[in-house]
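Each structure below is given as structure tokens.
The two complexes that follow have chain A in common; it is paired with chain B in the first and with chain C in the second.
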Partner chain A sequence: MRYTDFSYHDIVLLLQGLGVSVALFAATTLIGLVIGLAWATLRYYRVPLLAPLAALLAELLKNSPVLVQLFLVFFGLPVLLEMDLTPVQAALITLSGNTAAFIYVIAVSAIESVGRDQLETARVFGLSRWQTLRRIVMPQAAAFALGPLAGLLVNQLQVTSLISVIGVVDLTKVGAILNLRTLKPFIVWTVIGLLYYLMARLIAAACARVEARLRAHRQWKGL
Partner chain B sequence: MLSGECSLQFDLTSLTPYFGDLAAGARLTAFACALALAGSLILGILVALMRTAASTKAQRVANVYVDVFRNVPFIVQLFFLFYGLPEIGIELSALATGVLALSLAGGAFTSDAIRAGILAIEPGVLEAAQVSGLPRVAIYRRIVLPIALRSAVRPLGSVFVNLILTSSILSAITLNELTGSAKIVAADTFQPFEVYALLLVLYAVLTWLVSLAAGALHRRLNRNQL
Partner chain C sequence: MIHIEGVAKRFGSNTILDGIDLRIAPGEVVSILGPSGSGKSTLIRCINGLEKLDGGSISVDGHRVDDPKQLQLVRRCSGTVFQLFNLYPHMTALQNVTLAPIEVLKTPRAQAEQEGRELLASVGLGERADTYPAQLSGGQRQRVGICRALAMKPRYLLLDEVTSALDPEMTGEVLAILARLARSGTTMLFVTHEIAFAREISDRIVFLDGGRLLADLPAAQFFAADGGLAQPRIAQFLSKMSK
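What follows is the complex of A and B.
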């Protein structure tokens, strides 16, 4: 007996997949943000050895397919280190690392966008390197970075769909399951695509709001 | 570096018998990417012209296309085509489906780069062409596209790099391109870490070379500017 019709339970399944995708996206974005900013700080302080290593690692992660990184972590790491790794753990590690690499690139260019003269002025006023970073560089760099960051977040949301390949039951995997059972690819993949589209739109709108706020001081308020 | 503190050693020599398989996969990746590059360039030029056209209807249609293909994950687009097309009687091979999906997704990003190139053309140049009485087709073919494409080479290079990285997802529809053949090699040798680490470096070197080439081409084509 085959259950080829859509049922009420499919909506529950869809919501579950949506929850897994959103949760993994949020978790890896946060972890990636922390690691990426830490890498960028290494560069800001010009830490010998670690700074160029971070740059090389970021370049390698940025220029290779996420799918291969995912396979390396999920299939490769357990063999190399003789340990067990669940698909969700592998997805967390890979996506966090990948996000961190892109955050690093954005953070570095944002820090560089702050003029050298400002750094020199801060130094003349006797601010320490950390104070300069905290009070002068960060507020301006944050406003500069938000545009690229919004693009990155929308992109990383789409990248989460790849974890379905290693067996995490996210939104795409739910789509694959429903597709195989109902054999109605057009309806299934349209619904899945629409859900991703709406999420991407939501992220872009949220980023635009924050950006407008950070840039408020630049806006012409009238005389 | 990679084997430093690990219990197992990092041994690439036992993979040498499989280099032929990997090379075959790489050739398929190159072939698919070349076709997809051509497809997305054609599509990207058309869509960019529509997005910069005077007609708001053409603009709207093109914007919807770009919006949809940029905001839906590639793997969902791929599955939509791979499972959906046979449903409406279009039987394509995995390779053809993959190239079609890559071209459609690449077209959206390509059109962005070309559109930026078109918008960067000085209005005076177009006005001069119109005043000289050139027909519209000639203005597009002789003036708009050469200038726009020339200034878009570097951004197009990064779109192409992304296309190569995205092509690894074609392994999900049974196509044994570079990533797909590496999967087989990893299963055969029981050395997944070595295989995928090698693959990662291969892709990184390949895309690095492509972006170097795009940069060089960009400088060469724009050598008379500024």
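What follows is the complex of A and C.
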């Protein structure tokens, strides 16, 4: 067997890369979701200083290239804070921040999509601002947000491929390694591309399912 | 007792309410008539604290609406039914009715649900308790809206043009329920364009025009030739509305 041939071990390598990509995607989505929703909540409560600060941060993060942010965190942060940062840590920080910024934007517009009449009604019935957020605003905003959210998540999955540049052995990095060894770029990158495609479809399908559940109340079932 | 004294409300340079004085005693049914834009709905929104007053004062059972703490108490003892229903679309009819009792009054869920089902059954919606507003007709939605307000066991019911968005048949459904409530002694402040109905159920009729209170008379007297009809503006309005 020549070194340019594919071996069974390559499948293990591919699965490892896929695992790293999926794990980073899942982790940064979760962290991004928490941070983005926290920023949106600051805005909902119109917290002085913190709310505008969150808006500014989101603005900066969503309007600059992720690759530039990644370099800034990976090369810049260790110099600034005199600390060591592994590629995975740098990837986690950058992608979480980036996802948070876009989640914030989606959450803000989703919250604003809930009609003023709904807020007024909740107030008249004596619900607190927190009760209103939890029982009235969030369920309706979530149904509104899921479409844009699905688009964002599919995109953020693709964006994880950038972290291969700083040495994280994700799916794209595995592709680069296999490509160098086998010298069969068409096969390697087709397989890598298909794997990303399958993941993206899974994410979209999961979001569509949740969305259908959240929108169940709009279904007209006849009188 | 609802005390309204010298209430003024402006939006920019537009004066909506211009020195309104009104008292509503427990058990009374008071209808507010007047042309569109006369400030009827705004008056309701001032009582339940959705609008800030630019002058005067409102108190409900001694609680002032311009104090945030007391406003909570005002909202506890008054229930509002809205023109466009304002149901929570993501909740079933029953959940719409039980939300505030559970969250605000801290009624145990089982008890709130039982009371909610009884209320819905009393307006003929017993079978529809678990349907979403989108699956209900306008009249059914407004009946849910009334149940939602009644579930808080309010001493005062504020009704803001509750039949204006309904066709005549559905209006009939809703008015029948309101007539029953009026007979059972519920205190109601009833903003409406249903003049014949207002005449039938009201103790008093108040007429607003251009933010001013032109008449506050017992129902029979309001429609008498030497009472409300003696005022040209009211006579003109009534003759237009009856056409």
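Just so it is clear, the second predicted complex is superposed on the first by the 220 of 223 C-alpha atoms of A that agree within 3 Å, B and C clash if a C-alpha of one lies under 4 Å from a C-alpha of the other, contacts with A are read in each partner's own complex, and residues count from 1 in each chain.
Throughout what follows, contacts are C-beta pairs under 8 Å (C-beta built on N, C-alpha and C of every residue); 3 or more make two chains touch, one makes a residue touch a chain.
In this text the structure is predicted, and so the values were computed from the model without any measurement.
Peer 1: Taking the superposition on A as described, I'd like to know which of chain B and chain C A:L133 touches: first, second, both or neither.
Peer 2: Neither chain B nor chain C is touched by A:L133.
Peer 1: Go through the superposed model and pick first if A:Q69 touches only chain B, second if only chain C, both, or neither.
Peer 2: A:Q69 sits against chain B, while chain C stays out of touch.
Peer 1: Applying the document's definition of touching, compare chain B and chain C: which contacts more of chain A?
Peer 2: It is B that touches the greater number of chain A residues.
Peer 1: Check the residue A:A107 against both partner chains and state whether it touches chain B (first), chain C (second), both, or neither.
Peer 2: Neither partner.
Peer 1: Could you tell me if A:L95 is touching chain B, chain C, both of them or neither one (first, second, both, neither)?
Peer 2: neither
Peer 1: Using the superposition on chain A described above, determine whether A:F186 touches chain B (first), chain C (second), both, or neither.
Peer 2: In the superposed model, A:F186 contacts chain B only, not chain C.
Peer 1: After the superposition on A, what does A:R123 contact: first (chain B), second (chain C), both or neither?
Peer 2: After superposing on A, A:R123 lies in contact with chain C but is clear of chain B.
Peer 1: Determine, under the contact definition given at the top, whether A:A200 touches first (chain B), second (chain C), both, or neither.
Peer 2: After superposing on A, A:A200 lies in contact with chain B but is clear of chain C.
Peer 1: Once bound in the complex, which stretches of chain A touch chain B?
Peer 2: Where chain A meets chain B, its residues are 59-60, 63-69, 71-72, 75-77, 79-82, 154, 157-162, 164-165, 172, 175-176, 179, 185-186, 189-190, 192-193, 196-197, 200-201.
Peer 1: Name, in rising order, each residue of chain B that touches chain A in their complex.
Peer 2: So the residues of chain B touching chain A come out as 6-8, 68, 70-77, 79-80, 83-84, 87, 161, 165-169, 171-172, 179, 182-183, 186, 190-197, 199-201, 203-204, 207-208.
Peer 1: Residues of chain C touching chain A in their complex?
Peer 2: Listed in rising order, the residues are 48-50, 72, 75-76, 80, 82, 84, 86, 88-92, 99-100, 103-104, 131-137, 148, 152.
Peer 1: Looking at the complex, which residues from chain A come into contact with chain C?
Peer 2: Going by the criterion above, the answer is residues 117-118, 120-121, 123-127, 131, 135-136, 139-140, 143, 214, 216-223.
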